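In structure tokens below, several structures.
In what comes next, chain A is part of two complexes: it sits with chain B in the first one and with chain C in the second one.
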Partner chain A sequence: MDLSRSIPKALSAKKKMSKQQLAQTMVGWGFVAVAAILIAVFSFYPMIQAFYLSLHSGMGNNLQFVGIANYLRLFQDATFITAVTNTFTYLIVQVPLMIVLGLVFSVVLNRPDLKGKGFFRTAIFLPAITSLVATSTIFRYLFGQQGLVNMALLGLGIIDSPLGWLTQPTLARIAIIIVITWRWTGYNMIFYLSSLQNVDYSIYEAAKIDGANAIQQFFKITIPMLKPIILFTSITSTIGTLQLFDEVMNITGGGPGNSTLTISQYIYNLSFRWTPDFGYASAVSFAIVIMIVVLSIIQFKVTGDKK
Partner chain B sequence: MKKMITAIAASVTILGLAACAGEESTGGTQVGGTQEITAWAWDPNFNIRALNLATEIFEGINPDITVNVVENAQDSIIQQLNVMMSSGTANGLPNIVLIEDYRAQVFLQAFPDMFFEMSDFIDVNEFAPYKIPMTSIDGRQYGVPFDTGATGLYVRTDILESAGLSVADVTDLDWDQLIEVGLQVKEATGLPMMTLDPSDLGIIRSMIQTTGTWYTEEDGITPFIEGNEQLKAGFEVFRRLIDEGIVLPVTDWSQFVSGFNNGDVWAVPTGNWITASIMAAEDQAGNWAVVSQPRLPGFANSVNASNLGGSSWYVLNVDGKEAAAEFLASTFGSSIELYESLLNEIGAIGTFIPALASSVMDQEVEFFGGQRIFSDFADWTQQIPQVNFGLHTYALEDILAVAMQSYLNGQDLDQVLRDAQAQANNQLN
Partner chain C sequence: MKNIGKIITYLFLSIAAFVSIFPFYWMIVSSTNTSVDVTGGRMLPGTHLLQNWQTLMGQVNFGQSFMNSLQLSLATTVLSLLIASLAGYGFEIYKSRAKDLVFNILLGSMMIPFAALMIPLFRMFANLSGTFPFLGLNTKMGVILPGLATAFLIFFFRQSTKMFPKDILEAGRIDGLSELGIFFKIYLPTMKTTYAAAAIITFMGSWNSYLWPLIMIQTQDRQTLPLLIANLGSSYAPDFGIIMLAIVITTLPVALVFFLLQKHFVAGMTGSVK
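Coming up: the complex of A and B.
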């Protein structure tokens, strides 16, 4: 409301802009320009170039213009469809799991009477600052045929013979999901924790007086209060999962077969592992972009955020 | 709406994947009278040591040129070459690079202007003939052939003995016979025969090459999967190895190496470049022998010799190419002395024919119980059936790895191979 009323004022002010004001405005634009130019050169120009490239096909530098043939090829490409299926499997299983875990951890760690809060917060956040490649390599050993996971399960008598964590398709997918969840839960938890700090404690007190139990408080107060941040984390997690690369590349290499292959890894394979076809690889990149845009729109709609 | 734009902007950062460049250092730099050239290779125990030995020899030939040896992972070399060559900039490219034979034709055909022709620097007839088709285009020689990928079956003699068997029982077998031996040893000692990575079909590649067959037809381009009886037989052997329970599943190189270094398996059927890694387990000295690679069962033309891996040196068409060509020509291209020290120091067998006649080849290797392993490998090298690797080895192999997974899960093999053929036709058109 305030904004609409101040617009005419601003316009009239613009007319009478003095030299000094102009200089000030230019300085302001100067600051903005640095960021704008950098984004244009390093983000938008490569995007346009990649789109241009995606209309070509061929080996290495011997590219020919093929129009939308690359995009049509996507629909018949069994490997691409496998990669998309795998990626969405991770998305559907892992993102909700991680968000729920992150919420539970943050609520527990936000309790005023909890001892050693700092320690637990650090412990859960720590995986998020470790190197992806290093942790992936460690997990590859943990999940190996004679790795710690198998040894522990054998020792506890849960299994009779070592499980092929990385050599059986379903187990390999589960292993990948475990690793991503371990890596990113703490990261999302920090967002929830910080916004929980802003929730006025008196709301909970009022709820208690009205007789709400802990579960009711969680669903009726905590969740609604955290809704914007849950939306934010679910979008970033969705994007992150669609771009999943390091973990799969380093733990299973996409195998066995293509059962853990992700879209990003497929792009890598098309460009660097197989006969290089940068045109088609760019087309696959744009397929991810389109998916992310569509998913983000759905998430905005579902959570009803009108802003 | 603004948030949406931010989300979109964030999402397209994936495109940055196509723009990741490597370190910036120019190929050849001229400092005063001396010139420095850069060489890239992978595997510190093998290729890097070979380069260092060559550098030592070259110092005595032309001290004005110094060679800067840089170790990079093979994947990273391929990635950087692809990125830099397709960007059309010579900045950051090395002068000399090692490329695996399976990939060489892809680079030579995708970036023909980026390689420097070596025809005038080496004598093609002095190298093993099977290396030439993959290192040249239309009779123009680009690569300096390096190591042979001749395969053998490395076996633990002590474990065989404890199962009441001897080296003679594993010599010149086919895969079915070897599996029978594997079952006997497993029963007697409980040890699996070999490690196997279910995603790595390298072993099938070496099986079908014993019959002179490949994933492609002779043109090196047309996928040959459906109706490829040799490939089908290879798939059946692979599955039998798993079903009989005589393999230790692994998923990467280090698990593969620790499998035999720790004594968890008793056989390693692979290329001779593994010799240095086998010899790393000093406590197993005297307990190893190498016998010929098993044949593919059911094919009369299958021989007890095959190839796995092997690579060659290339000079890139950047500043300093003449110096780089001179370096390769006077070391890997002609120096018998170099090949002798390669054998003595790292057990590397080259494909330079004059060096194969050297007396060093006949030496007895203590680690292998005094066996003359190098002359054995040289004999097997002569028998390797020639195939045209063509362009798509790894692309086809990844398609086949998926097919293998379906087959292991119980699908009909003919159907699986038919699907793989359709996928290959679609992907490689």
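Coming up: the complex of A and C.
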């Protein structure tokens, strides 16, 4: 039975469709209904609500229509600009770093002659099973003034006095980037490894015979082969980074000052920490939506994939 | 030359493995030490495990939080898998233009950041609190519902269904099975690997989720493990031995699920990214 005809065709053919075929189509809708309704109610509807709220202002539920005033306020809000700058710093440094690392690990771990593959794969993936709150709590200690990172660096003679990992703005951002990379690299690696397993290894053998070195193989075979999955992981990582919350909340709390504050954290503070300003917070959240859409389009364009 | 390459490869991998595993080693060791030992940099197992355990179970009501997390995660996993696999199956097996359109619209929800949803969702559940107390703020239903259907999981199941041998379905129909019967009796048992991979992803996500429970849960008796750990860590005088024990126990179930289903996980992922 072919149901993949165009809609008008299907409509005109409706009368000809047997009762059984019609029943089949309806059954199909039945299968997808629950999921579709849930996503509509808990994603699309709130999304529209958020837009509606972003055009209003006021405390709690006492709202007044203000047009685009909230959006104009964004450009004069120093805290918002700081949060956007911080978030983009994480994005620009961390996502490429993690994707490259993940790719390198997966290529190395895909070598058929490598011993201890299972151990290395599991070890590198392991951080991905931890809760972000737990990870953050552990690293907050490790990066503390008296923490193990400083102890190790002092012990090795790399530094003379303990570094203020969580108290000095640049170091605090670096610490957060390290933690996110630790937590997510193995996770992304699994996607690449799974895809590589579908690549016939004889292609690499042939390239070797043709005299291609490891770096050439990486850029000429691996990257093109994995393009769709690289695109997928870069988009999900971008979306994830733009929403960064758990880590920063539990490592630095956004400090020192606002030097590590993320956009999500700012929205949380505006809505649940300070006197609730749902209207303005929604405008901030819509700013993230716009950024995600724009960045995703760019990523699709850059990789030049139709699908 | 070839040997040097090999040595560098193994050295590189060993460093990566060490960096990945060390925090685990450290948290396990620290859970057996006193807070003073932990902050002093002790890296060997100590004798304080039992005392840390007693404090954790007695003073901070860890058991209650553990049960809360377990209930929420199990319910979320079972329901999410059912909903997403029904949908993924439906979109692929009963393919039509109209359904593909709906599918693509649903996929679009992956682009919606949770940050943009949390305020309207919070208000939605706050409004429900009056009329439906079991659905409002600070309820299990409220924590579970918004995350039950995810486009990612539907996509995952649809991709895997593409490789499902369709002839079996016809055979099932001839045998007189209903459409739903085919799904439960033929499809579901055949797709064990896909379900295992999806179960790991969903269970982990739910077990570790923080932001939505942080917004929804308002009383201590309802709090989940990530909330408890965050509270312990931000207290005025954090006890690192106890915090690390809490983290170790919180990590154990996920580690267990992962190691039990690891083989299926990799196989399932391979199937879905093909």
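We adopt the following convention: the second predicted complex is superposed on the first by the 292 of 307 C-alpha atoms of A that agree within 3 Å, B and C clash if a C-alpha of one lies under 4 Å from a C-alpha of the other, contacts with A are read in each partner's own complex, and residues count from 1 in each chain.
Keep in mind that, in the parts below, a residue touches a chain if its C-beta (ideal position, glycine included) is under 8 Å from a C-beta of that chain, and two chains touch if they have at least 3 such contacts.
All of these numbers come straight from a predicted model, not from anything done at the bench.
Shared-chain residue A:Tyr204: touches no atom of chain B or chain C. The larger set of touched chain A residues comes from C, when the choice is between chain B and chain C. In the superposed model, A:Met47 makes contact with both chain B and chain C. Contacts of A:Ile138 after superposition: chain C is touched, whereas chain B is not reached. Contact with chain C, but none with chain B, is seen for A:Ile190 once the two complexes are overlaid on the shared chain. Within the superposed three-chain model, A:Val289 lies in touch with chain B and with chain C [touch as defined at top]. When both complexes are overlaid on chain A, the residue A:Trp274 reaches chain B alone and has no touch with chain C.
In the overlay built on the shared chain, the residue A:Thr130 is in contact with chain C alone; chain B does not reach it.
When the two structures are aligned on the shared chain, A:Thr79 is found in touch with chain B, with no touch to chain C. Legend: residue contacts after superposition of the two complexes on their common chain; A:Gln243 is shown touching both chain B and chain C.
Annotation: chain A residues 39, 43, 46-47, 50, 53, 61, 140, 239, 242-243, 245, 253, 264, 267-268, 271-272, 278, 281-282, 285, 288-289, 292-293, 296 touch chain B in one complex and chain C in the other. Chain A makes touch with chain B in their complex at residues 39, 43, 46-47, 50, 53, 59-62, 73, 76-79, 82, 140, 144-145, 164, 166-167, 169, 235-236, 239, 242-243, 245, 252-259, 264, 267-269, 271-276, 278, 281-282, 285, 288-289, 292-293, 296-297, 300, 307. Those residues of chain C lying in contact with chain A across their complex are 9, 12-13, 16-17, 19-21, 23-24, 26-27, 38-39, 41, 83-84, 86-87, 89-91, 93-99, 102-103, 106, 109-124, 145-151, 154, 179, 183, 204, 207-208, 210-211, 215, 225-227, 229-230, 233-234, 240, 243-244, 247, 250-251, 254-255, 258, 262, 266, 269-270, 272-274. Residues 3-7, 10, 24-25, 27-32, 34-36, 38-39, 42-47, 49-50, 53, 61, 105, 108-109, 114, 116, 119-120, 122-124, 126-135, 137-142, 146, 148, 151, 182, 186, 190-191, 193-195, 197-198, 229, 239, 242-243, 245-246, 249-250, 253, 263-264, 267-268, 271-272, 278, 281-282, 285-286, 288-289, 292-293, 296 of chain A are the ones that touch chain C when the two sit in their complex.
Within the complex formed with chain A, the chain B residues making contact are 3-4, 7-19, 75, 78-79, 82, 85-86, 88, 106-107, 109-111, 198-199, 248-252, 255, 391-392, 394-395, 398-399, 401-406, 409, 419, 423, 426-428.
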